[in-house]
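Shown below is the structure under consideration.
Think of it as A, B, C and D in the order they're written, each chain with its own count starting at 1.
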Amino acid sequence: MAVMRLGYVHARVTDLSDARSHYVDTLGLYPVQEEPGRLLLKGWDEWDHHSVVLDEGGVGLGRLGYKVEDPSDLDGFEKRAQQFGCRVERMSKGENPEVSDGIRIFTPSEHVLELYHDMTLVGTEVGTVNPEVFPRHLVGVGVPNIDHALITAEDVNLMDRFFAEVLDFYTTERVATSLDDDAEYIGTWMSAGQKVHDIAVIKGPQGKLHHFAFELGDWADVLHAGDLFAMDDVSVDVGPTHHGITRGKTIYFFDPSGNRNEVFAGGYRSYPDRPCVTWTPDQLAKGIFYVGRELNERFTSVLT
Amino acid sequence: MAVMRLGYVHARVTDLSDARSHYVDTLGLYPVQEEPGRLLLKGWDEWDHHSVVLDEGGVGLGRLGYKVEDPSDLDGFEKRAQQFGCRVERMSKGENPEVSDGIRIFTPSEHVLELYHDMTLVGTEVGTVNPEVFPRHLVGVGVPNIDHALITAEDVNLMDRFFAEVLDFYTTERVATSLDDDAEYIGTWMSAGQKVHDIAVIKGPQGKLHHFAFELGDWADVLHAGDLFAMDDVSVDVGPTHHGITRGKTIYFFDPSGNRNEVFAGGYRSYPDRPCVTWTPDQLAKGIFYVGRELNERFTSVLT
Amino acid sequence: MAVMRLGYVHARVTDLSDARSHYVDTLGLYPVQEEPGRLLLKGWDEWDHHSVVLDEGGVGLGRLGYKVEDPSDLDGFEKRAQQFGCRVERMSKGENPEVSDGIRIFTPSEHVLELYHDMTLVGTEVGTVNPEVFPRHLVGVGVPNIDHALITAEDVNLMDRFFAEVLDFYTTERVATSLDDDAEYIGTWMSAGQKVHDIAVIKGPQGKLHHFAFELGDWADVLHAGDLFAMDDVSVDVGPTHHGITRGKTIYFFDPSGNRNEVFAGGYRSYPDRPCVTWTPDQLAKGIFYVGRELNERFTSVLT
Amino acid sequence: MAVMRLGYVHARVTDLSDARSHYVDTLGLYPVQEEPGRLLLKGWDEWDHHSVVLDEGGVGLGRLGYKVEDPSDLDGFEKRAQQFGCRVERMSKGENPEVSDGIRIFTPSEHVLELYHDMTLVGTEVGTVNPEVFPRHLVGVGVPNIDHALITAEDVNLMDRFFAEVLDFYTTERVATSLDDDAEYIGTWMSAGQKVHDIAVIKGPQGKLHHFAFELGDWADVLHAGDLFAMDDVSVDVGPTHHGITRGKTIYFFDPSGNRNEVFAGGYRSYPDRPCVTWTPDQLAKGIFYVGRELNERFTSVLT
């Protein structure tokens, strides 16, 4: 019984054509399905049908889909979520296009989390026989896959408990008011497997999205992305820089609707037995942006 | 019930003082314990007591230790290994310094595999409170941790089955004589979690080591390592180059006793549901060394 | 008759011991000579005696020394500077330690520029016989050499003419109020040879220093520097990022006295026949910081 | 009176269509002019009309064109070449398409060297007003410009003298039989300005080409090029690796006709007063390929 990874992000965008230009032409996601008001996308190194669903109308996060290892895992997670006090719904196969049946959890932070066990397999863009190391003709940044999301919640301690107790995530890093056991968490970074984070939660309003992230290979790819953002007039929030927390290399930027995206490279490999890291509030800026050790107002206040 | 990772490698070296110079001064491992004829080492980003044990006398692999998630996992793995037809021994706490009790499996390939659930926790060199992204005064290459091992076996298909059926590893990539189900495997790359490989097995004599590997951050670190190898007169086998198989960036080199090491950076994150890649024998050289697409005699024949 | 390069920078620092910690321990310059109130430094890949002179007392730029190819060049440059209307002094051998005789030009921008033809040769830290590609035991950032300086002047057009007409520099890039011939320059980047700039001048008060820069190998080195700045509590102004102007990769930071330094990597190779680039004021922020396209107040106002 | 740089390389190729695929589709040079049996190309960051001319028929080097600073330089170089004992011809404007008048020197090594002072200016692919840092839609490797050539000669000392005495090049590095003044040179690396080499000559048959090189930005670009070589079936000779001599990062590869090319990144900036480096024959392999310190037979024997 295990959650494997963040499998899909549903985001709302004010204009689908502008969003297409951003996610397809600049980021290089592959459009896999289009219908009026909706665009489904995948990265070149993803094998499942899609990882991003853009819905026209409004802005912000629709829901996050996490893939579990086995169909039989759903019952257990459903039970635990209910015991934790969450409302849970069953979802049917096809309710999300190309996605199996699953469950929908309404989290204590007022986000919608879907768990599913299967999605139509379409294969990566390099195939399974003598594959090239990347597609010969990548578009733009050429992001290979989505990586994680960062959401806000009024009670971060509660969300840390939720992901740990309900979904077996473990905490890799934390910002806490103190090193004591009863400290209040300002942020928590949590892993479902060996990623340095599959989800992160920081203190803020309920139900909001800070950003969702795409993985890149390394620091050189991060600058290449940044250069393309300049060429394509993508609004950049912060970066390129280095995180203290997670050690990832990063640029934060906005899609044309104002949803924050991140390109994220590196970060260490984590394991459940790795000791959890704690950052104290006075070192928060260094934890977030290691090199410059400054937070800008926009980064801490703009949410969708 | 899960294997987490390769936790330690025991290697034999002809001269411990030469080996110390290689593993400590050049690679930058931290010596954590020394006794006559034996040296225990760890990388700066490892939190368990040690990951490399060097024993003076001879050359080659002593044994590989894999850490499991829970003490209770041992019984299950023991049973499965026995059912697979392997000889299995119980090992006691302290039989390996600072290592818990566990089991010792004599694999069909005549290697010794130890499973254990605990090792004395010493913490990484950057600590758990507001940690720096790496230690301020790294030595030499400054390898953060071990990564994987590649061993040889007469029957690779059998070893693929062994790791899959006994230890729940899954195959990420394979070199096979054909794409058919009954193909003979020339090599198999297998993951216990999300690493692109925790173990690899290629066709060759029983009980031998091709190499064990240290992880590096990225392609820039690989060249930096190579430059230090030149300065320190480390014998380099191949690289820097790019693997087709695993997509890792790599240099192969030898310790002073002739054991092959690798520095390995990158490689994609794998999951059990990622489609397995197959390489055909005509593309083997490209699979191993993507850029040059040539194998040298030494790389395919020198084993310890 | 040619200026070769920026050979030395004299900077004033409020506290020599703090400055030593910054320039030696963090940046990795080699102290080559110390006397009360003064410290002379060189980078590992510089062969002349020193490139940075720190004088205790105050803050800001003392003078810039440019090395010319031939002793006989001095007469010509002296004549031209006088014709341009500058006060020029002869300086004697030894007036600057280890430096030959030369001339001292008081520029229209009220900076002091020294031209000299020789400095005591001490050799690089890797020597001239079978040299390693860098010293085996670099300290901190390990800057190989100084690169350029950026100064401010009330009349940038005049300074552009000064460097062109007196010293045979040519302009590689400019920020100008328009593309017309009579445009007012807001900044000018000028080369004495093939560097993308040996000097830059931006509009501002007379006689001030914006920054002087050290060269690094590439973008990976820039982040490594930034990480060390975080560890050593170096105050960072902006970066890491990419310049549009010059295409250099950069971090701006301050020494403990508040003098701005830069680490600078890349930038194209220029030639006198390369067409000069012009940036228009509306694209200034993109020209300076290509990825983020934002200027902070500090960057444009803090001078020493 | 100064040579600025290698401005063009004329190479013979057995099949122009195959060559086009290599130089245009893989390397990303821009075709600027085509006529039956001939193709003219330029890199995206070159402003003169072309830098590579491919002539169908045979294989090997046609001639090397070096651009001088001023038309009046030609007379002086002509005189010096004649005094050195070389045959020199005047060439007329248009004899080479889009190239000014100049002189043609038949070197002691039986190569043809052309000096010219002007070529039709076409501008770089990013223009001169608010330019992007590279073209938004680069093709393949996207080489920005040519860099240098390495030729063979029976008498390297003589060629070192030729370039120094006739063309004012200076030697940055040398492989010599000893450190004595009367040593025989096995190779010489020479600069006309601040490049670490504008020409190199190694001992071998008269009139032959070892390789000509394209510049890349950094080590990340070198691997990216190597990956594309694998995808496009470009025959790779050696690399990616690091040179000891010049410190450049490199891959050697062949065009479809068998002419060796190089992608070259980095290398230090040189100046006439930088002390010349000498490599001794026992360290030759380390000088050429720093990391692996091995020369393959092909690298030392295949010439065109």
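One rule holds in what follows: a contact is a pair of C-beta atoms (placed from the backbone, for glycine too) under 8 Å apart; a residue touches a chain by one contact, two chains touch by 3 or more.
Please read all numbers here as calculations on a predicted model, not as lab measurements.
*Asks:* Among the other chains, which touch subunit C and subunit D together?
*Replies:* Chains that touch both subunit C and subunit D, as defined above, are A, B.
*Asks:* Select the chain at the greatest separation from subunit B, using centres from the mean of Cα atoms.
*Replies:* The chain lying farthest from subunit B is C.
*Asks:* To lay subunit B over its twin subunit D by CA atoms, how big a turn is needed, in degrees to the nearest 5?
*Replies:* 180
*Asks:* From the mean C-alpha coordinate of subunit A to that of subunit C, what's the distance rounded to whole Å?
*Replies:* 43
*Asks:* Taking each chain's centre as its mean C-alpha position, how far apart are subunit A and subunit D in Å?
*Replies:* So the centroids are 47 Å from each other.
*Asks:* Need the CA-centroid distance for the pair subunit A / subunit B, whole Å please.
*Replies:* Roughly 30 Å, centre to centre.
*Asks:* Going through subunit B residue by residue, note those that touch at least 2 other chains and give them in order.
*Replies:* In subunit B, the residues touching two or more other chains are 132-133, 218-220, 227, 230, 242, 244, 286, 290.
*Asks:* Should the pattern of chain-chain touching be classed as line, ring, star, complete or other?
*Replies:* complete
*Asks:* Which of the residues in subunit B come into contact with subunit D in the complex?
*Replies:* 219-220, 223, 226-227, 229-230, 236, 238-242, 244, 249, 251, 286, 290-293
*Asks:* Going by the contact rule at the top, pick out the subunit C residues touching subunit D in the complex.
*Replies:* Where subunit C meets subunit D, its residues are 4-5, 45, 47-48, 67, 69, 121, 123-124, 128-133, 144, 179, 193-195, 215, 217-220, 242, 244, 247, 266, 268-269, 271-280, 283, 286-287, 290.
*Asks:* Note which residues of subunit D are touching subunit A in the complex, please.
*Replies:* Contacts found on subunit D: 132-134, 136, 218, 220, 227-228, 230-232.
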